[in-house]
Structure formats: C-alpha cells, structure tokens
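In the two complexes below, chain A is the common chain; its partner is chain B in one and chain C in the other.
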Partner chain A sequence: MIAATYSLLALAISAGTAADEHLLAGAGAFRDGRFDAALVEFRVAEKLGAPDAGAYAAAALVKLGRPEEAIEAFASSPPGDDDLLDWYRALACYDARLYNCAGRLLTGLDHSGPKVAAEVAGLRGEIARVLAPEPAKASIDWYLARCDERRAEGRTALAAAYCREAADLGARRKDRHGGARAKAELMRLEPAAARGGRQ
Partner chain B sequence: MKAKMLHAGAAAALLWASAAGGDEAQRTQVQTQDQMQAPDRTQMHDRAHRQTQDQQHDAVHAAMHDAMRKQMGNPPASAQMPGMVDREVAGATAAHERASQMQQARDAARQRAMTHGAQDAAMARRHGAASAGMPSGAMQPGGGMMGGDGNTTQQGAGMMRAGDMHGGSGGMMPGGSGGMMGGSGTGTGTGGGMMGGSTTGTGTTTGTTAGTGTPGGSPMAK
Partner chain C sequence: MIAAFVASVVLGAADPCVPVEPAAAADPVAAATYRAVAETEAAKGSPGTAILAYRNAAALDPRDRASRRALEGYCSEGRRADPFQDGMAKMDAGDLRGAIADFRAARGRSDDPSVALLEGICHYELGEDRDAEPLLVAAERSPEDSHLAKFYLGLLALRDGSASRAASLFDAASASPGISPLASDLARLARSEGRWALTLAAGSGWDSNVNLAPPGAPPAREADGLYAFSATGLLRPWGSEGPYLRAQGLLNRQFQLGAYDVAGGDLASGWQLRGERWSGLAEYDFSYRTFGGSPFLSSHRLLASAWAVVGDFTLGATYFARFESYADGFSPFSGTVQAGEVRTSFGLGARARLALAYSFARDAAQRSILSYLEHGPRAELRIVMARGVRLGVDVAATFRGYDVFDTTLGAQRADTYLDSGALAEWDLSRAWTAQLGLRGRYALSNVPGFEYAKVVPMAGLLYTFSP
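Let's turn to the complex of A and B:
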C-alpha cells in the first residue's frame, strides 16, 4: 500500500517536473520572441497536465497573430485571475475585432502596474474611437455571419463571442438591429460554450 | 483466615489484571505509534513535494510573467469596424466597374466615329469626283484635340470623329491652297486640317498646277 503511494507520488513528481521544464522552456522562447517554439512547449506542458499551460499557449497564439484560436484556448480558464493574462486575452478579442469583449476585459485592469496601465489606456482609446459612432447595420451583420460560420464549424466558444459582440453592438442602435437574432443564437450557444472550446 | 486468603487472592488478581492491562495499553500505544509513523512520513514527503512544486510553479510563473511583460509593448493595429471596411472595398470595386464601363462606352463611340468618318470620307470622295478633281483625303484616325497623340485611347470619341472629319477636309484643303498659292509652279501646301490626323491630299486646282499636301503633324501646331 505504502509502496504504491510512493510510486504514484514519484510519477506525479516526474510528470510535474517535466511539465515545468516545458513551461520554463516555453517562457524562455516567449521572452526571446520565438512564439512558435513557445507554443509547442506550452502545448506539450498542457498535455503533461500543467494547469496554466493552456493560457500561456493562448498568449503565444495572440503574438502569432491567431486571435480566434487564442480566444478558444483562453476559454478553458476564466478571466480575472491574472492581470497579464487578461491583457493578452483582451488583445485576442481586439485582434478578432471583438471590441466590446476587449473593452470589458480592460475594465478589470484599471489597477494594474504602470506599464500595463499605459498599454491599457492606449488600447481603450482605440476602442473608444471605433465604437464612438452608432454601429452600422453592415457591421452587426458581419458579426452575425461570423457567428453562424463558426457555429457551423463547431467552434462554439468563438461563435458565442461573435454573437455576443453582435448583441452588444445591436443594443447601441435605436432600431436594435440584429439584437434579437444574436440573443437567440447566444441562448443556443452559451450552454455549449460554457462546457468549453471546440466541440 | 479464609477471609484473609480471599482478600490476598483478589488483590493479586487485581494486580495481575492491572499489570496485564498496562502492558496491553503499552503495546497498543507502541502499535499506534508504529501505525502513525508511516502516514506521517507520506504526509511529510507530500508536503515537501508540494513545497518544491510550488517553488517550481512560482519560478515558472515568474519567468512567464517576465516574458509576457517584456513582449506586451508592441502596439496592436488600429481598430476598424468590419462592415465598414467591407463597404469601402465594395465602393472601390463599384467605382472600378463604373470606370471600366465608361471606358467601354468610349471605345464603342470611337468605333462609331471611325465608321462615320469613313462614310464622310466616302461622301467627300463622291463630291470630289463630281467637282472636277477635288481630292479626297485618306482617312486616318486623328489624335484629337486634347492629345496630339494618335495612340491615346483616353480622348473623347467625339474629338476623334472631328479629327477624322477634318482629316478628310485636310486632304481637300492642301491641294486647293497649294494650287492657289503656287501660282504658276508646283504648289506645296501643308495638310492636316485643324484637328490633325489628316494625311496627304493630292489634287488639281483649276487645271493649272498640281498641289501636294504633306502629312499633317501635330494637330494644334497647324
């Protein structure tokens, strides 16, 4: 009994150490700007059971210019635990043109350190500029179309993000264009999205 | 005496019992200690491992935070609403199509003008034959008023047609004027007409001299 406990413990230690090694290697690559190498390391660490590896992989995806995949990778961990990761999460939304999503995430970073705060202020200004006029119907329709496309591909978390954006934009118009359709889609998508990522 | 014996026996029994109980208790205590030692060791190991893991995790977390902070400086692209961009692209495409249609219309008008010019030339030839040797100019496309360059397709088709028409009359004029100005000799007149594009016109005037028109050059220079 005791021997079995020890062997399990040893296995856990070796797996944890291996995962940490990959995480460290990934962090080094990320720091050097080798985001593709960092992504590989984080993916391996994720397979070995490292809990933060998914979010780190998502940050690497943001830097690789793959915001939609990043949003899906971030979907496995809720926002609010780590300011820096939330910054990258906001960037993923911003790059996917989900400006309301990015704005919401940036609101939570008000009390971050000076460097993060400066970046947050810059990005918020850009978002405020693009959201200042009343959203065009064509823009809302674009988000709804994206929502449909991603849902058809089985990427429910992403589809939900697009539909939520359409609903947010529709709410800012007097005629609430697209709002009802977006909310109906969200009702279908959210339970699946809550279960996480791709399906 | 009997009672004394009984008391002594009972005391001995009690003593033995207590001694036996104490021994058993001691044995139980030792046994419990033994039993306790194994889980304690596991817990201690577990705790030490957790501490090591936490330290490792903290190191990884710190390294990743450092990396993420270092890489957060690059400014993102400027924000743009998707539908708006698409509309601009659609607008540009429509403008391109409109320009293409206008170009086609101009080409068609140019073709029509060429045909009309040929008809004019034919008519001029008929008139020339009727009026004693009035020459007809060979029809060539003129460069038009704005261009001065016969190769351009950007000029108005109407101008082309005018060029053609004047080209036709240019053929008529040089011979005439050459003949008139030359007097008794061979007269040379410059052809081409106002609008350019006309070429050699050869004709005889009033039966005295032959006039030779040279090809017209730059339309506006004439």
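Let's turn to the complex of A and C:
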C-alpha cells in the first residue's frame, strides 16, 4: 500500500517545482518507513503550495500515531477522491475511536483491490466488534466531553467529528441518550466543519 | 535534489546534538519553510519531527540562528537519550507518567506498535482506560504484539463491564504460550462477570467423620460417602457495577447417614460500586436450611465489603451481621452473629497470588453458654498451573472462647480449629470445569468430647451458562 502511495504521488507530480520535489521526498521517506521525515517534507510541500500535501501529511500523522491531528489535516480535502488516502482517513478515525466515522469511510472502499479489500474487511470486523453492544451512556458522554474540549481549543473540525460520533452512537440507543445535545452542538460546529470538509 | 538532501540529513537526524552538516547549496527560503514547520511541530509537542525540521533548516541556511538555538535547547534538555529506553526505565521505576511522555516522544520518531503497547499499558495501570484503548488497538494490529495487546484490551473490557467481550479477547490472547495460563484463567473469570450466569455443580466424596466424634471415646466415629448438587444463578442487569440478584439452591446428602443431610437455599440482593482502583458492595441475604430432612435454620444477613488496589497490593475488609433463627430443638443457638475480616493479597510472580486475612466473629446466642468470640488468621495461595488448570491451597486457624462457664461440661469451653484445604480445577471447555478437592479439620478443645478430626475428599463437575 505504501509503495502504491509512492507510485501514485510520483505519477501525480507533473513538474519539478520545489513543492513537488518536497512532495516526492516525503513520499520516498514514507515508503522507507521514515514517517517523521515524510511528515516534515509533506508539511513543507504544503506550505509551498502543493494542493494534496495536506492529505499526505495526514497519512504520515496516522503512521506516527497522531490520529486527531490527522483528522484535522484530512479535513482540508473531502473524502472520495483517493482510495488510499481514504483508507488512512478511516484509520485516523478508528485510532481516534471514531468508529462510525471509520465505518462510513470503509463503505466507500468496497471496490478497492484485493489487498486493500482484505485490510478493509479486517478493520470492518474490528469496528463491528466494538459497535456490537448497545453504546453505554458513559461512552456517549465521553464523546460529548471530547467534543466540548476540542471546541474550546478551537479545533472545530475535530470537535464536530466527536459530536457526530456521539450523535451516531446515541441514535443506536432506545433512549437516544446524548443525541439531541450532540446534534445541537453540530448545528453550531457544522459551518466551520463543513468549510473544512466532512469526515 | 531534495530527496537526496533529505536522505543525507535524516541519517541520525533526530538527534539534536549531532552537528548539522551544511547543504551543498544554501537555500534560505526553503530553510525558512522548514523552520516554520519545525515551530508548528514543536508547538504541537512533537519534538522528533520538530528537531528533524530544524536540522533541515539549519543545514540549508548556515545563518539560521533560530533553528540552531532551538536544536541547542533540545540538546540541553537531554534529547540525546533514547526516549524509548528512558520510558522503559521510568516504567520499571513506577514513574508511569514520565514513561508515557517518553513513549509518546518515541512514537513521534518511528511508528512502532511495541511502543504504543507499552504506552497503552502505562495508561491502563493509571486507570486511564480511554487513553489506553486506541494505543492497544494500534498495537493489536502488529502480529508481534497482538496477543499481549488483546490481553490488555480484555482487561479494559473487564473493567468497563463488557464481560463477554473481555472473555473473547482473553480467549484470543491465550493463543500465546507466554500468557496462556493467565489469559485463559481471566477468560473464565470474565464469563462469570457477565450480566447473568447460571452455574450448576455436582460432586461426590467421602467424609471420614460425619458425626464429629472425638478420637478414642464414644460416640463411635461414623464415615460415609456423600453427594452434592447446587445451582447458583446471578443476575446483574447493569453488568459488574450496580444492582444484582443471586439465588442458590443446594443439596448435600449422605449415602447412608441421612440424619446429616443438608438442603437449603439462599436469596440475596445487593449493589456493587466500582471505581478505577477500588470496589465495594452492600448485600442482603436470606438463607434457609434443613438438617436431616427437618427445618433447621433461617437467617437474614446484612453484609458490606470493600477493597482497593494500593500499589502491588489489594487491601480489603468485610463485615456482616447475621440474624439467626433455629428451629425447635436447636432454638438456644438462635441469636446474632457478627463477623469481620481484613485481608490483603499480592502477586507472587506472574502465576501465583497469596492472600492473607484475619477474621473476627461474635456469636451472641440465646443461651450464654453457647455464645462465643472467635478470631484467627487465614492464608490462601492460588496458582495458575497451566492453561485452564488452577490450584488453590488454604490454611486457617481459629481460636474460639465461649462466654461463660458451662456447668454441664464443667468447663468454660475454649476451642481451636485448624483447617486446611486444596482445590484443583481444570477447565474442560468454555463451560465445563472439573474439580478435585480435599478439606481437612483438626478441632482441639479443653473439653475432650469436642475434639475431632476429619477429612473430606471430593470430586465434581461445574457447568456454567453465561452470555
């Protein structure tokens, strides 16, 4: 999958601009498993104007175990354009415990190649296992609290992601616990989140 | 060119103390961009990537004093040390907060599931389950760390009250030989922690001294075979925290000495509270017994118990008051029993746990010659022998002194009871467990007629229905 990402990037880079060179250097570092170096190069490329660099930086953040930052970085580009990036987007959601978010993204990867499909199936199984029981009230409250915290920090896209997860989980309970509050928060957050792209 | 530059810079690049080699061609504009990225990463608390970007900036612009100062700062902070090794040392020393910070820094340098596993374990030990889970899930995806990650995820699920999920995780973890005994044992315990459980038990054995006869004096000692059945149902609608209802029925019958048969039932309800490192419960229990086929005893018991984890020790205390009403013929024994116990338990290596307790009891019976105060120590050793095989051994001494002089006996009775027992359990399958047990008692008294010794070997089978 990494090699495929590298190839994809190499094909995408059409000219030898400085931004593209950093993008390519980041892809090389990513391929070699040097995700910290990849992140730095993708960030530099992003600052130099490479349009997709933010999403590649997000993939590196996933590999570096920084899923919340990855979700924010992915927010600058909508899902659906690139299966590989959507896979990393799903992983970011999963690692941030946004299981419904991850599940939605995996649905869009149904027609990917066999290798990706196997990994998608594995992650889907994990998500199904986590979501099998009725969500506990405490669990929904945790997402709402995380939403509040991130909103207070000004991280609106991330806050919206947590509130959306709370709303999704609340809808799976008979008493709809937390659902109304989550939707009210989303009403406040969605404009900002919508500008940054919906996970 | 950029790729070659990056490759040359990143070799040993995460070390802020290694001198920066200037790039073949200075590029102050690119350096400024690297520095901006470095400052963003530093602000986000990611020193690994910040150092990397600062080094690139310094290499591309020899006059970039800001980047060099930042690198000097990281260097003087001791960033030369390997944060993973630092984290391990701190974890071993019990500094879990410090270890988490170091493991996080180490993960900033490389995507190593083993580091995520260790960081997750630290969070688990601190009771920060929400922070532990994503790290353990990340580690679970690595074949090398999968089993241990599943084991800790099982512990998280158990603490969260998801007993069935915990059991399946422990089952999966038990595929690893290193943790198999402990994991399979915990899987069994998790199944008994679900929202409901029904356990059926059947056993048979032999009692060497059914009538508690003293040695060398009448009445003659009578030995007999016995068989026993019991059924215990437990309902916990909210899981391991909250209210619960327990019902038990039992039947212990002698093969020949039917006058000593015991049958009865218990109905209990209570409430359990559970914190990260403590737990407690309050319970009411109604009990009814027959003896030799005739009504014998009914009682109401109020019980409170609490325990807490302090360091490597579990400390606990229990108190109960039981209001006993014996049937005609035994009615002088009626009264109130109050009992308490303090206890501690701790691990002896990875597979054994030792519990030490001291108990007190006061039986205020209707007749003062039957009232007593007793106390004594108890020790229990529990060993996980192999996957699904457990051994428990316990010994206890009880010193009982009766309240008043008994004119019939011509003495103020004082007894000492020495008890010991051993129980081996083997999980034949997820639901079936085989048991072999041996119990023994040696009773000493200042009244020779109350001295006796007995042993009771038993073999049995348990079947547990659980979600």
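Things worth noting here:
Heads up, the rule we're going with is that the second predicted complex is superposed on the first by the 180 of 199 C-alpha atoms of A that agree within 3 Å, B and C clash if a C-alpha of one lies under 4 Å from a C-alpha of the other, contacts with A are read in each partner's own complex, and residues count from 1 in each chain.
One rule holds in what follows: a residue touches a chain if its C-beta (ideal position, glycine included) is under 8 Å from a C-beta of that chain, and two chains touch if they have at least 3 such contacts.
Keep in mind it's a predicted model, so treat the numbers as computed, not measured.
On the shared subunit chain A, the superposed partners chain B and chain C overlap sterically.
In the superposed pair of complexes, A:G28 makes contact with chain B and with chain C alike. Shared-chain residue A:R129: touches chain B and chain C both. Of the two partner chains, neither chain B nor chain C is touched by A:T107. By the touch criterion defined above, A:V44 lies against chain C but remains apart from chain B after alignment on the C-alpha atoms of chain A.
In the superposition on chain A, contact of A:K63 is made with both chain B and chain C. When chain A is checked against chain B and against chain C, the one touching more of its residues turns out to be B. In the overlay built on the shared chain, the residue A:D95 is in contact with chain B and with chain C.
Of the two partner chains placed by superposition, only chain B is touched by A:I140; chain C is not. For the contact definition in use here, the residues of chain A common to its chain B contact set and its chain C contact set are 24, 28, 33, 63, 94-95, 97, 126, 129, 136, 142.
Looking at the complex, you find that chain C touches chain A at residues 1-3, 5-7, 10, 13-14, 30, 33-34, 36-38, 40-41, 44, 46, 48-49, 52-53, 56, 107-111, 116, 130, 133-135, 137-138, 160-162, 165. Only residues 2, 5-6, 9, 12-13, 16-17, 20, 23-24, 26-28, 30-31, 33, 52, 56, 59, 63, 84-85, 87-88, 91, 94-95, 97, 99, 115-116, 119, 122-123, 126-127, 129-130, 135-143 of chain A touch chain B when the two sit together in their complex. By the touch criterion given at the top, residues 18, 21-22, 24-25, 28-29, 33-37, 39-41, 43-44, 47-48, 63-67, 69, 94-97, 126, 129, 132-133, 136, 142 of chain A touch chain C in their complex.
On the side of chain B, the complex with chain A involves touching residues 38, 42, 45-46, 49, 52-53, 56-57, 59-61, 63-73, 75-84, 86-87.
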